[in-house]
């Protein structure tokens, strides 16, 4: 993805990137029934067909309407229906009512996608060099944006399937021979001091990853791997969900009002705890990373364990120089597991394992602008900046995150009570 | 329908009745897309696929499980999922969450229907005489029950379609040459005194229509026809929705909190008021009966007009001796208009017109048990009796009510705030 | 009270009536602390000081402003603050926010009362005969209105006191030697047929008690006394609150959502059930009438007992010819018990006991207008008529109802879920 | 306050400190009526009498019960009633129901206070040296705690008074000759780099102010004074509350749902904007600091002005070396204005004015633990740490903050939507 800007002349490659991302999205919905693509099971969840349409709307509004003077929109009603939150494009259709829409149908949404695809491809084929040069940044953001929605689409589909009386598998579970435990984690020490965070001007990054800046870290240690389900089970069995002393006050209120007793998708069956995965419900594997926990649960676990969660800057400092591509075992969207995997073999001494992929790692850092932050210009100014309140940063990517999104500076963000994303825990101290 | 019990031997006829009703239901869903059959737009509305399944569940629980000792249910989960409200069959799946279910799919529901159909038909084909004799009453209730859901299915589908940004027509609008006004209504006088209400022991009727009993009516007059849309428009234009003096206190609170300014599905477009029908949105026809009003609106209109609404017993007294079959112009489900029609020609002097079909007529009568009311036995005891509180009786049937349900003693019932059924107004004084 | 209109010339008597009622209200608040008079513990409850002020506002708006051209209101803000629900006087201050007002203080409210008292008395002293003649009906309604608020004030004060960690007694409990059981009730038979209901034109009655009209009753029987607490306890112990078969559907939903397990103010202590009275908490007396039950509970009890509740017309028919003054043992406000009393001795054969006083008796009758109902004119048109929906009629008066309100035609009304009034159960069949 | 620990022997001084703080609290309630002390106008607000009791409960639980083996609590029910949020003392009475309690009365609460006062004073008089040494830290925290509640009591009383139809003044408004404008603010530059934050081990500070630690600041500039009401008015008049581009997404949602159009307590009267102060409602003074704004409003104002808010560390760095005692004009509780004051004369060049007192200054910093944070031991571990989520730090103190709480390291904290505290804005860039 990051080479796009430096090879603007290569239209064929631009088209290939566009086709690859758009096709990947459509591949993801093949296992779903039409009915699965319509339902909205909570306000945070969007119907699959909404994701399919919104990602097309994004190209329509931010590329086609700006670069094709005579572009005719597919349907005027989509202007509001598939506007996620851009006030500058007019009032969006209310998010919590997306599941009340039976129309457009899935096949109409697919026609919309292909209408937009054709227009984009015609533009890339036939546009003059200056046009291509001007649209490339927004097109590129549109592709990263669509990849973000690939992850959202799977998170949301999982929630939709889960609400059924007999939750079907999204697809057959791959063989999972491993059910075991993991060795105790190591502590990897870092000296801290004067360090840097954020992305340099080169390469693709979202506006929220910039500018690169200096900061000061106290010495710290990071756990050599993610917290495993078996470890989290020990917290549960030690009555962790019943003891207020481990919890932040707002979290404790939620534990009471929501009746939380375990991570989302865990269920106590006769023989023991099971977990719902995109491959169906099965017994938990004590060695696999715990997943689908809120910040409150991550934080309570850490306090119970006598530790704390890392800040995003501690995490980034530890991850610097690494990328999602290494180690090869990282579990991201394209690797196909769709669930975090147990650590395969001993981690190399001195390097934290599982930094990328598997589960997003909660950090203590508020999602705030970096010093000197400059939002994108125009409509895209609403992409990130206006959400910089009340949310916390998660780092590293998950088993449903496209590989291209795994980089040390990437900042994901959620509210502390949310659990339906693939979020887990790494300890610090 | 009502002949079933007296011709038990005629298995062929039982089967024909069963097939006719079941097929009629499936015919009703042909114009819908799968997406339309999944969505639940408010707690009162059930998804189309839920209606398709629930009516089958009814036969499964009340006929098959009682008459076929070796009947194997299609899916154990359906026991709760498609239980509407029968506590005696265990806790039903929560009504307001029906739209969160993507599964079973529509095609699985159709398979469920056909599975039940086959079992019922096998039973009717092969059961011994005593078995047939015993199951016939419940089967008969099941058919009337399914017809009630035919109306609900259309009411609900209309609401689902209406919530879209561009509400599609359920089906093409039939030619409607008439747009006009109607002559002022007459008043039909009745002497009252000692009269009777309720159904005699003969013929099919629900338990809530019995026993037939004596009561005393004051002299009264009934309007010769339903209130027309043009008349209701005059109420609106006289600021009827803004003047508290016409409204019951609970209704006035709703007018404020819901922002009611007109009947449901009315919308003020540039040129005038339009109404959404199952054939799409179009200008209101001032001559057609007003429809989709709450009791509060019906009552406020009547007070504005210097009149009142009738009681159910006044209505029944006026309707006695008439049936839905006469006059032939009555607008019910099978007549196909799917919307109330203007009165065609002058009504015969001395007889109220439009008593049956077109719109349900709000009455002032609480939905209460008649003196000596005996609920059905067994599970069916929950069919009617437990709802006899907080609701009001409506009489006469609507344009989406199956013809077989039009009889002078039939008691429909809704809460006074509800508007999504085809309910209108007849004046009394 | 009812003699007022026929003795208009007797100004002294008018003044005495006015003073007696106004003083009686103030006597009722003496046992309360200032803090008790400010709090609103649920939207149905009004603070004591609001009652004190609203009853004065009533005289100000309906007598003084109409009969004294130069009357200066005590405080312009009170126009909305102490308007209960009269839209024709402008938008009332929201009912559910009455407890948010710290001002006016109780002493300011008392000053308001005395300001109004002086003005009324000056008017009665000095007004010419025609003025007195014209204001007398509204003044009379104002006195009955204030007596209604005497009951409300005690109901509300009881709820306010009850919400404290250690509910104080409103006043010391009188000696209550009786703790026992009662003999089984008898059934008093009535033939029914053509009967009359409602108040004749003579004497004081509210508009909702008129006109007197004919109706037809089936033969029925009425229990010779109220249901006793010990009997209701048997229902509880038979798991009445856990068995859906006894309950109306809306009531069953409330039992679940509210967690009802007994009447309001009952509490299971170590040794058994206790009840909170205005004299404090004590063990229930099995012989005293059960009190503070909703319609749903009354109805479920009746179904459990194999009976039903009476209609208001059955009750009125049985009570006709009796008045609250007989038998002398009736328990009303002035008798001072402030709690229903066990039946003292055997009831005379053939006459229902406890018809008046003790507890209001739930009936199955909706609070609807009688045929030919004429609301009061002017602002008082909002007094009763606009509440004639969604509520049920209760008959007979309670231990906190002023004696003057006990008459066979009096119609009290509440929503079926409400429990904080002194409401109980009489069986019919 | 901070000398207490080093002069343990001086019992007389301990007693004087205790008496001074306790008396100061009681002095604050003299202007209030009993009714004002009972009402709870929103969940964030506690009744005055609750503050009076809770501050006594704090000494009871944390000093008396630990240091006096034979201490008899005043009332067992108070254990839960006046527990604010300490789960380790058992479940507190629900915060949002404090206003439903009419008992204990205000005079009972005062008796409770004096009971506790006597016990504390007896302990300080008669306790042995070791006892005094051990209780001194908790006593000291209890005094700072009570001072925090002095501010809360006034914030809450202001809200209670404001909800009345004619909000009374808490006390007469002092002469306010000034109504004018202020000169444009200067920018005070700071170099940033390696700095320190937090309190050293010496002197009194809450646990959340420690440990002192190193961090890195970018160069920044701070406005030389607070934002004035006249400046905020320009934002309003530029349609600041109607333009989404200035607002964080969560804030924009609130602007819509709450209908915010100006700071809390501002009201547009005929001639212009007025503000409710503890001295009553009056025209705004354009020169006085804007007050009662949420974080969202502070942030939107800053974005509109082309600036941003400072971080808590920027603020602390600028304030280091200053204290609330200088300059003498600082407006804190004891100075008696009870409202922020216009800047009196030109600020000294190079030094930010109004750092202490007047209004709390919103910062962008989440309320998080400092690196190496150690909560208090025992029950007091719940004092601060469990609230370190979802809230933002405010610095500097307000016109209702006791002087003793003005120090460069003090961290106050509120949710970003809250407005009833005296919070304002200082710009940074």
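Chains: A, B, C and D, in written order; residue numbering restarts at 1 for each.
By our rule, contacts are C-beta pairs under 8 Å (C-beta built on N, C-alpha and C of every residue); 3 or more make two chains touch, one makes a residue touch a chain.
All figures in this text were calculated on a predicted structure; none of them were measured in a lab.
*Asks:* With one step meaning two chains touch, work out the least steps from chain B to chain D.
*Replies:* Between chain B and chain D, the shortest chain-hopping route counts 2.
*Asks:* Which neighbours do chain A and chain D have in common?
*Replies:* none
*Asks:* If you average the CA coordinates per chain, which chain's centre is most distant from that of chain D?
*Replies:* The chain lying farthest from chain D is B.
*Asks:* Between chain C and chain D, what is the gap in Å from one C-alpha centre to the other?
*Replies:* Taking the mean C-alpha position of each chain, the two centres sit 48 Å apart.
*Asks:* With chain centres taken as the means of their Cα atoms, state the distance from chain B to chain C in Å.
*Replies:* Inter-chain centre distance comes to 39 Å.
*Asks:* Express in whole angstrom the distance between the two chain centres, defined as the mean CA positions of chain A and chain C.
*Replies:* Comparing mean C-alpha positions, chain C is 61 Å from chain A.
*Asks:* When you check chain A against every other chain, which residues touch at least two of them?
*Replies:* There are none in chain A.
*Asks:* Provide the full list of chain pairs in touch.
*Replies:* Pairwise, the chains that meet the contact rule are A-B, A-D, B-C, C-D.
*Asks:* How about chain C: which of its residues touch chain D in the complex?
*Replies:* Those residues of chain C that touch chain D are 33-36, 38-39, 41, 49, 77, 80-81, 93, 97, 99-103, 105-106, 160-161, 163-166, 168.
*Asks:* Which bits of chain C are touching chain B when the two form their complex?
*Replies:* For chain C paired with chain B, touching residues are 85, 87-88, 194, 213-216, 218, 244-245, 247-252, 295-296, 299, 364, 366, 368, 371-372, 381, 386-390, 416.
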